[in-house]
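Only one structure is covered here, and it is reproduced in the block below.
Which chain is which? They are A, B, C and D, in the order written, and residues in each are numbered from 1.
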Amino acid sequence: MSTTRQISMSAAIREALTTLLREHEEVFLIGEDIGVYGGAFKITRGIVDEFGPERIIDTPISEAGIVSVAAGAALMGSRPIIEIMFMDFMALAFDGIINIAAKWQATYGDEFATPLIIRAPAGGGRNYGPTHSQSFEGLLLNVPNLTICCPSNPADAAGLLLGAYDAATTVIMVEHKTLYARQGPVAERLEPVPIGQGARLRSGSDISLIAYGRHVPAALQAAEILAAEDVQADVIDLRTVKPLDASLILDSLSNTGRGISIEESPVIGGVGAEISAVVMESAFEYLEAPFARLGAAEQIIPCSPALEPACFPSVDSIVVKARELISY
Amino acid sequence: MSTTRQISMSAAIREALTTLLREHEEVFLIGEDIGVYGGAFKITRGIVDEFGPERIIDTPISEAGIVSVAAGAALMGSRPIIEIMFMDFMALAFDGIINIAAKWQATYGDEFATPLIIRAPAGGGRNYGPTHSQSFEGLLLNVPNLTICCPSNPADAAGLLLGAYDAATTVIMVEHKTLYARQGPVAERLEPVPIGQGARLRSGSDISLIAYGRHVPAALQAAEILAAEDVQADVIDLRTVKPLDASLILDSLSNTGRGISIEESPVIGGVGAEISAVVMESAFEYLEAPFARLGAAEQIIPCSPALEPACFPSVDSIVVKARELISY
Amino acid sequence: MTDDQLLTAYRTMCRIRAFELRLNELFLQGLVPGTTHLCIGQEACAVGVNMALTTDDMVFSNHRGHGHLLGRGGDPARMLAEIFGHPNGYSGGRGGSQHMAVKDLNFMGTHGITAGTIPLAVGAALNRKIHRQPGVAVVFFGEGAIGEGIFHESLNMAAIWKLPVLFVCENNQYAMSTSHGDISPVANAAERAAAYAMNSRMVDGNDVVATYATTAEARSGVAAGEGPVFIELQTYRISGHSRGDECPYRSREEEAQWAERDPIARLRKRLEDAGQWTAAADTALETQLAVELAEAEEIARES
Amino acid sequence: MTDDQLLTAYRTMCRIRAFELRLNELFLQGLVPGTTHLCIGQEACAVGVNMALTTDDMVFSNHRGHGHLLGRGGDPARMLAEIFGHPNGYSGGRGGSQHMAVKDLNFMGTHGITAGTIPLAVGAALNRKIHRQPGVAVVFFGEGAIGEGIFHESLNMAAIWKLPVLFVCENNQYAMSTSHGDISPVANAAERAAAYAMNSRMVDGNDVVATYATTAEARSGVAAGEGPVFIELQTYRISGHSRGDECPYRSREEEAQWAERDPIARLRKRLEDAGQWTAAADTALETQLAVELAEAEEIARES
């Protein structure tokens, strides 16, 4: 493995975007205020200086148009990378995602591919309130032909972008906004992370903690606490939530017999429901306790710092749930 | 119980709409071509003659606008009932559903309720192809504060509309288009069906068949076939998929120890995933075989009569899966 | 249009009409799955526009797209196969009438979501502009599509970026049952272009010559980088919206008035008046088209 | 405007300015969670429009809504409580700056989705029309909101149904970092109204008198059933878009030019010139507002 450096997830994403722009003239970036302003989260800051406004395209406030216009360009050979300023606004573009991007190639044939990468800062934890804190991976899971990635660290955030480019399909990149500033080791030369492969971040035979995005660090912390109680957690970072790495999940559960999914989407109909169902179908015989789910509460995400944290899984709630399963 | 008559699901829905319009002046219908044309499926045929174009509002082709404009009217006390011509087009209105209708009251307080009933002909089986055959209940399940109903027969279709009116929240009414012509017994005077209550249509102690919409008749047929093999199926019609009737599901599974969900949404991240997870969490100790899911295939829904049927559960696939679980 | 072009236009319009009429028959016999939308009465739009385009141009269609595809050179056999849901159909039977595309023809797709292809055309044009490639994007849509927000977002972007797009609005007076007057505050669809400072044209879409000429003229400006143009083609859907539509929302008088402006009859009269066409030629053409179509149907059925 | 109204307008504008300046300080001290959008420079819009409305009118706001709510009579203490995320806030702390509504004031909500309240206003007006109730719907939005499809769908419906809606576009020249010229093919936002055959007005939104007069005049037509009106208020966001915006997208010269047109300074000058106001009065007002605000802050903090 090549040497690494510590950089933030923002910097890693910026580097991956720059790399793709340099290596492939078909790539362009498109979104609101991504040029001089660098986007609401400053991910694209400075990129326009190198590539100019023809490839770093600032748009009107038109999420639906952005996605579908990009799909049209993709249809002719472009490889657009879209930024939707907050994932909440993606709801405005669901027709383009569901009825166009996820369907054109499947319907009309392989000559009609519309490969898109759609990046979106997502999730809670910043007190932005009900319309600026959602994460739609749980909802989008039910759309056939869609790929959904949820990186938890700088190397994966960059690597999944390269992997998404290679996959040449419609990929939703869910970037948790609380992770942008997090530092992590990244190889000198960025390496693609293949779509659909999770990673085991810690081995343990007592309980599986299956997480993605910002809940991966939380799961690792919970694992430390549990280890002090002699409970060894197997921590899985899904990295891609669609397609799920079912074999890694099975591998983990067949060892532990107990597990928890930890997600940013609401629990009902979310990613954990799918994981639980997959565990049911593939690891039933190994289960020693019912597989459990943690995720966002069934409500709006409030702005108040006093109210918001209770809406999401935490190191504490993971530990509590794990103890419950261990003593089941 | 009052005497009943046999009418089609179309007629039952039409009667429920007429009843609501007569009894509550706050109710109006809004949608595309619902007046003189009676809607693409002729559900509202003739209604405009009684109530006039001021209460049966034909709109431009503007799904997003229809939902959000109706929400604005609801905010001031109206009780709009929307028709989205095909559920596929609801993707254009997801911002209004997710970021407005499902959030306004929860965010701003009870004085700011936006009660809406959104009816949508949904699902496959009519060879309408990829953009006219989808059913989004699995996807919408992940939206907090939303109610989703999927009637399987005329009485429930009418009764759930009355129940949705009483519930005074945002209710998505998923009407499977292959059911419109189906006849069934309906009480002389329509009776509301409370939101959130499933119904046991057949008792059995060997296996639970948990279905909704058009798969309920299929489950009942499968139950007949299984009965001939001495397998007694417990057939549950969910009627409402959000909120799920978890106690009925538990009640059934605790008796049978085996079960299958049968849905119109794609399997991954669909309604069955949630049911499976609920079964995992509540009925784990009773399970004698892994709970199984049947639903739409992970692909576009093709137009071809030769290809489409294979995309959906069928009497056959239910029976085959049931046998598999019984001999597990 | 040259004399030859006029004859070609006439033949193609008749081919479209024959295709649609036959499809209607097959429908009534229950031989067509799903649904379909016929363009009877709008043949001059499909043909006039298509004839003014080059092979580099990218054509986007909508739900009422048989004429657009036939006008672009689509193979009736593969279209029928698609409509029947057979494997040899343009989309392998997956798409049916509302979802066919042909890469070789730069025909980028009919589509079932109203207004859904408008942004795709804008994106295709954006691609051309970035990579300085030839060809303009052309998108056909009905006047009803103007109600969709994506219409607005698309025209706005095309205008600010001066993209090579021709927005071709076939105003056939109705969106399903809804008359244009009931859903438009402006009398003519073309007036919408003002909001985008976009050039617009209003043409008699039942006159293939005018349609061709306007499209050709507009296209050359668009191709030269002068920015998008909005063309309103005023026409009429002679057929119902889709299967089983008895058109209770419009009057028989109105239908009769428009029948007098039937684009095929008009062109035939013009050709006859100019001595370019005869009743005998017409009978021969009719027979030829019937034979062609029967062959196509045969191939489609077996495919 | 009467002399009294002018003084009221001035005081309210100063109250809004003081509120926003204090909020900015609190922000910089890290005492405000989430984010917030200040309307410094746009006070005349909020006040001029609100003063021309009646209590029956329903006001819809957007993300930059503090001025709209204060202008409607909102309680600064409850607003600050909401912004702090405290239970006594207008939305119980759930909504924060971008999500507050006050039923008693018929203030139907600030909102975080750009253009999201435009259709709500149309729906509120539809409700009024069906039930023949008094009051018009008024919606504030920025010129950036015009990019959204829902803007188009909403104006279209309001126009065809002749609904009582005032569409108030505060054109503050920028949507975040994007200048109006970069995302609009037409020079003035009001030109968009042409696509809906809608009456429109263009006003100096930094002149509270003109804003008031135009709104009052437009409102009376709207209330009389003459259909919706689009008002463009030309103004400037003196503050950055939100926290930490150093405005690299605009020039210091431009900022200086607009600073000369500061709506508060202009109104003060006018009042002073007319002998209605003095420097002493101004100092007294400043003190009074500071005291008021400190009290509100105190209440908000403890709530």
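We take it that a contact is a pair of C-beta atoms (placed from the backbone, for glycine too) under 8 Å apart; a residue touches a chain by one contact, two chains touch by 3 or more.
Bear in mind that the values here come from a model prediction, so they are computed numbers and not experimental data.
Note on connectivity: the fewest steps through touching chains from chain B to chain C is 1.
Remark: chain A and chain C have CA centroids separated by 42 Å (rounded to whole angstrom). Chain A and chain B have centres, each the mean of its CA atoms, that are 30 Å apart.
Separation between the centroids of chain A and chain D, computed from CA atoms only, is 37 Å.
Across the assembly, chain B contributes residues 59-60, 62, 64-65, 88-89, 92, 95, 99, 106-107, 129-131, 300 that each touch 2 or more other chains. Of all residues in chain C, those touching 2 or more other chains are 94-95, 99, 113, 116, 146-150, 153, 156, 160, 182-184, listed in ascending order. Taken as a graph of touching chains, this assembly is complete, with every chain in contact with every other. Put simply, chain D touches chain A in their complex at residues 33-35, 85-86, 89, 93-99, 111-116, 144-150, 175-178, 182-184, 248-249.
Within the complex formed with chain A, the residues of chain C that make contact are 58, 90-92, 94-95, 99-101, 103, 108-109, 113, 116, 119-128, 130-131, 137, 149-150, 153-154, 156-157, 160. By the touch rule above, chain B contacts chain D in their complex via residues 25, 28, 54-55, 59-60, 62, 64-65, 68-78, 95-96, 99-100, 104, 106-109, 111-112.
Chain contact summary for the complex, chain D toward chain C: residues 146-153, 156, 159-160, 182-186, 191-192, 194-198.
Every residue of chain B that touches chain C in the complex is listed here, in rising order: 32-33, 35-37, 40, 58-65, 88-89, 92, 126-132, 300, 302-307.
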